[in-house]
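There are two complexes below, and they share subunit A, which is joined by subunit B in the first and by subunit C in the second.
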Partner chain A sequence: MCARNSLYTNPKPCKHLADYKLRHGFNGYDSLQNCLKITPNGRARVDKHNTKIPRCNFCNGSQGRLYICLICSAISCSSHILLHTQSEKGHEVAVDMERSELYCCLCRDQVYDPDFDKVVVSKQVKDLPGGSKSNGFEGGCDGSSKRKRLDSGIGLDLKKSKLLITMRDRRAKSCYPLGLRGLNNLGSTCFMNSVLQALLHAPPLRNYFLSDRHNSFQCRKKSGEKVCLLCDIDALYSAMFSGDRTPYSPAQFLYSWWQHSSNLASYEEQDAHEFFISVLDVIHEKESKMLNSRKDDGYCQCIAHRAFSGLLRSDVTCISCGFTSTTYDPCVDISLNLDTSILSPSDVANKPIKPDEKTGVSTLSGCLNLFTGAEKLGSDQKLHCQNCQELRDSSKQLSIRRLPLVLCLHIKRVEHSLVRKMSRKINQYLQFPFSLDMTPYLSSSITRNRFGNRIFAFEYENSDSCAEYEIFSVIAHSGMLESGHYVTYLRLKNQWYKCDDAWVSEVDEGIVRASQCYMLFYVQKPLFYKANEDTRCVRISPRRDPFSSTAGCSSNAK
Partner chain B sequence: MSVPNEDNTQLSSHFYGDLLDSIIVDVASECHRIAKLGLDHNLEEEEEEMRLSAQARARVTDPSNSGETNNKYVVDIFGQTHPSIASEIFECMNCGRSISAGRFAPHLEKCMGKGRKARLKVTRSTTSAQNRYSRGSPVSTYSPFSNPTSTHILSNGTPSVAGEEYSNGTYEGP
Partner chain C sequence: MKHSVNRPPTPDAAEDQGKEPTLQEIINIKLIESGEKERLMELLRERLIDCGWKDEMKAICRAYIKKKGRNNVTVDDLVHLITPKGRASVPDNVKADLLQRIRTFLMSAAL
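The block that comes next holds the complex of A and B.
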């Protein structure tokens, strides 16, 4: 499916390169390695004599492209490289001195050899300050050698649940997937409804709660607390997946949440993303208490983290010497800035972009590129370089060290003007794909790119973790900053539904693509396909009452 | 006024041309490597997604289309109709009174003594940032240079001042 064993294809050598390897093996590569000079930004150049300017043997010119022969080290420019091959039999492979790339003179093309790349990378590792401990080469000490088997997560597999019974619902409404149900707006609570709809259909969470992993009866017995947000979430799942299609009022949930997040307890002007973080926070707190903060491989085992938690890596590189220091931070989502660089000055005034205007479109991959791009820090942000032992200009680069099962991408749509002390919503359209490959944003890819995309097996690349995602929910915001409206689009069994508080309708995928996205929810491909297999199951609660009361606030507790 | 030295002009053009060539080959070489190693194997799928999105946008902005995205619903997919303010009635779990769903949140706010009273004491952004860091749990900020996420907030709710695009940074409320 998506487990590609190598992140790149090994290109076949041309006849001439193959011949060269047969006759000369690694001799040329090894002697060239001594002539390689590594610049602080990681590039490898061939520099035989530190003081002399390399010149072409034939024309004595030093401009244009220069190539050094792997056999006799003769230097020729691009105009005369063929002459060298003709005058010396068998001297067919050379190296571009500026970029350290193999060049076949007869094919007149750049060629590739993993063994050559290995030689270059070894020199890069050796010469860059910090050596193999920094610059993105991870040892086994941070647990990277342990591969977390994410797809065999216990309790995340719906089929293993004993309480599920496949039931045929004879009502006409049964042709719609279960769990599809409107949520009543309790008074400006669409921010909450929109996030709940997305969470209800996140495969790991859905499977967890529908498999009765949080048993309310046992929970109350254990903790003795009357209010448990997880029990209320569990009740919410029961109600939403009961088969009842009348809109549900998540009143008990609201009450519970406000008791936990008293600082956010206000019915007006709430942000969906803030709510999302808050809910995960509360789930984590509650589960940590119950699980006694059990950590497996250093990763938190609460359902919120198991589903959403990933690891970000931050590399800060000294521009003068190239020394890189690396730090790691966990995250439950990624907040992205819009790549507004493609806009012309007239668009900044927030005029709608016409489709026929050639101004380009903001894309999700553009935002992700911006997020993982190397950012030069201003001279007012000089950092202390361990190697140079003084403050230096630096560049910072973020990348994803470990991807979560469910990837939540938050689009920052608020712009602050410090001058005018005002905030403004950015209504700009953002293109986003339904299938997303996160490989280019992984730490392994970013590191590889920094070293020139050489063919080299970096230690910690785990190919068993899937980087391919499918979208399952979009939260869209319409309207202005202080007074807008949230809706959620859900993708169930390849049909898109729009959940606008109590109103659930079918929509064409084009509507979703054209919407103004605020939060995007992607899930790893294997989980997506599994989740969309069979949803004709109804959960029977222990009390054998398939339909909980809709409001959930009258006392059902035993 | 002396005539600009032709040799100098030629020389600088020459240097410029050399630099430009070098940069072009640099980019070409990098792209060549990426293509040969198959690092851009998703290019076709990405282009297809772009095309579908452009198509979708064109259809939506086309005035001849009946507004599918407008908010005038008649029936939902289950054949049901809903009032603009939810009318379901249930008991408040705090005070026991019967409240209609659409007015539940404002009622609960007063009932629990939260909301405006709590907000006057402390601003939302400081406590939520504090809570996030003190709990040591899902922290959304990951760089020392980014703004705390609490400043990137899109609100929902009834319009307080109609037609006003800008609002100031502090939350005054209606």
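The block that comes next holds the complex of A and C.
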């Protein structure tokens, strides 16, 4: 399992802070707690007397940073804080009054103590409206105390997959990893082909179907239905992983899918993301029927949800009083908006830049920051605050409560203009990483930042779920809204491949990075490395020695 | 507390209080007492985040820490580093807005 993210290792106290704690324990902290004032947006300030202005004992100044001594409550400004320590022996630790942070006068630096942060946060929680029920403290929240472990391991282990017994096609590129095969375009179906390529190589799905978890024979016996999309997916996997390299036509799958989504059944170009959602939906429906469970929450055990389902948290905060109401919603992907205010260097080459325009490259982390940033809802969107008992201006913030095994990020590239009553495509380039750390976007991180980045465990942090991801597929779009083309890039065993309908080729990672990404597929690091250990199934041929080398490829004896 | 025995003589604050408080000080006191200063500080914080000023300062700090090493930097160092840069890079529209609000407040406080 991944080690806890190094961003949040607690700093060690300095010698002076340690000494202070030995001598005075929590006395100073506790008496300080009574002097803390909490503003509606959660800031904690030290404010002993509401009306009197704090002034430095030495220069009577009230500007700049003021510190209050933890032992004698004397106030000094940053220029004179050293004088206080010199005149009073042992008075080495003070608190920054504006920020409620510990300061060591001798080290001349901010220091940190989890016990101090606990005192501050307790006051923040107590004073903010809603008490401990809101503001990130999951007292009776669903899932925190009886945290069900998504059994990510069971049933998804490739080692249990049956051996594929097949003749090797000697003309094929046998050096290509298993499962790499082109898909024929059946009439503007590149949207379908691109998504299928990505799904075929999503480790949990791949392992599930290649382990024969959905047995077509038993399925037909049970349900008696003629059309089962899962059986067709199973057939697709068998065909794609058979070792045959000639392009495959997923006609049966297309037909089945049309049966389920009749409104999308046409030869028109469709949206790949819409198709993706619809496929997961169908898998869920079918499996729910078979498993006899109707759980629409995030703990559904169908393969689609086990692989892709995560939990989003939405906090709506009243700007006037600080009361926060929290809701949770399951999701199978995250749709990100592009920051269209960022102009690329090529855009500004010939134009003068206005003072407040931003230039640079749009990055995925920028989009994720936008997604999890606090958004001020307009004054036409006032919400009813339970505490104030009336409509108030609010701010909304999203964060990820639980990450999925496979993270699908969808980049919204369609812009709807209500004025012109038309939609257009946003071609802005988006830079994305191959390794992605989702820790800053977790609810625990977002909540921690809201309370001043204190050393405090706000939520039950899922220690058995990894926040580090590796990319394994990119669906790129080129062209215009109505007449574009989708291709999929796959990353298998650290080599990138381009799947353009029937044409599969090796490509350099530079090509992938430069592509116009539309959907990005990341998988949790441990699953990625496991899946890439050995993507070549041992195939037993009745007529040939399995260890003889094939033309054009040297055998890797592992 | 026994510490009062060892306390040095009261510093020269008494001398300073002989002087008349400056206009700036009077305004500051009025702002704090009415709670307006806190509101303005909140507003300023918001504006500086929106225009990317906070991110800029963060980036400067990060670069400095990277150069010097995480354990060789104190809060004081960072404050001394970014104070001049920070003051200089506050956008004009933010300055103008805050100034206008202070003016409005002063007129309503009928100084």
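Just so we're on the same page, the second predicted complex is superposed on the first by the 489 of 558 C-alpha atoms of A that agree within 3 Å, B and C clash if a C-alpha of one lies under 4 Å from a C-alpha of the other, contacts with A are read in each partner's own complex, and residues count from 1 in each chain.
In the analysis below, a contact is a pair of C-beta atoms (placed from the backbone, for glycine too) under 8 Å apart; a residue touches a chain by one contact, two chains touch by 3 or more.
Computed from a predicted model, the values in this text were never measured in an experiment.
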Overlay on subunit A: subunit C relative to subunit B, clash or fit: fit
Subunit A as apex of subunit B and subunit C, Cα-centre angle in degrees (nearest 10): 100
First, second, both or neither for A:21, with subunit B first and subunit C second: neither
Which superposed partner A:110 touches (first subunit B, second subunit C, both, neither): both
First (subunit B), second (subunit C), both or neither touched by A:220: neither
First (subunit B), second (subunit C), both or neither touched by A:187: first
Touched partner set for A:382, first subunit B, second subunit C, both or neither: neither
Partner chain(s) touched by A:416 [first = subunit B, second = subunit C, both, neither]: first
Residues of subunit A touched, compared between subunit B and subunit C (which is higher): B
Lowest C-alpha to C-alpha distance for subunit C against subunit B (Å): 5
Footprint overlap on subunit A, where subunit B in one structure and subunit C in the other make contact: 63, 65, 110, 355
List of subunit C residues in touch with subunit A within their complex: 1, 3, 6-8, 11, 13, 16-17, 28-29, 32-33, 38, 42, 51-52, 74-76, 79, 91-93
Complex contacts: residues of subunit B adjacent to subunit A: 18, 21-22, 25-26, 29-30, 32-34, 36-39, 42, 45-46, 49-50, 52-61, 68-69, 71, 73, 76-80, 82, 85-86, 88, 90-94, 101-109, 112, 114-116, 118-119, 122, 124, 127-128, 131-132, 135, 137-140, 142-143, 145-147, 149-161, 164-169, 171, 173-174
Complex contacts: residues of subunit A adjacent to subunit C: 39, 41, 51, 53, 57-60, 62-63, 65, 72, 78, 87-88, 103, 107-110, 355-356, 358
Parts of subunit A lying in touch with subunit B, wherever the complex brings them together: 7-9, 11, 63-65, 96, 98-99, 101, 110, 112, 173, 176, 182, 184-191, 245-247, 249, 251-252, 254-255, 258-259, 261-274, 277-278, 280-281, 284-285, 288, 304-305, 308-309, 312, 314, 329-333, 335, 354-355, 361, 363, 365, 377, 381, 396, 398, 410, 412-414, 416, 421-425, 429, 431-435, 437, 440, 452-453, 455, 477, 479-486, 497, 500-515, 518, 550-551, 553-554
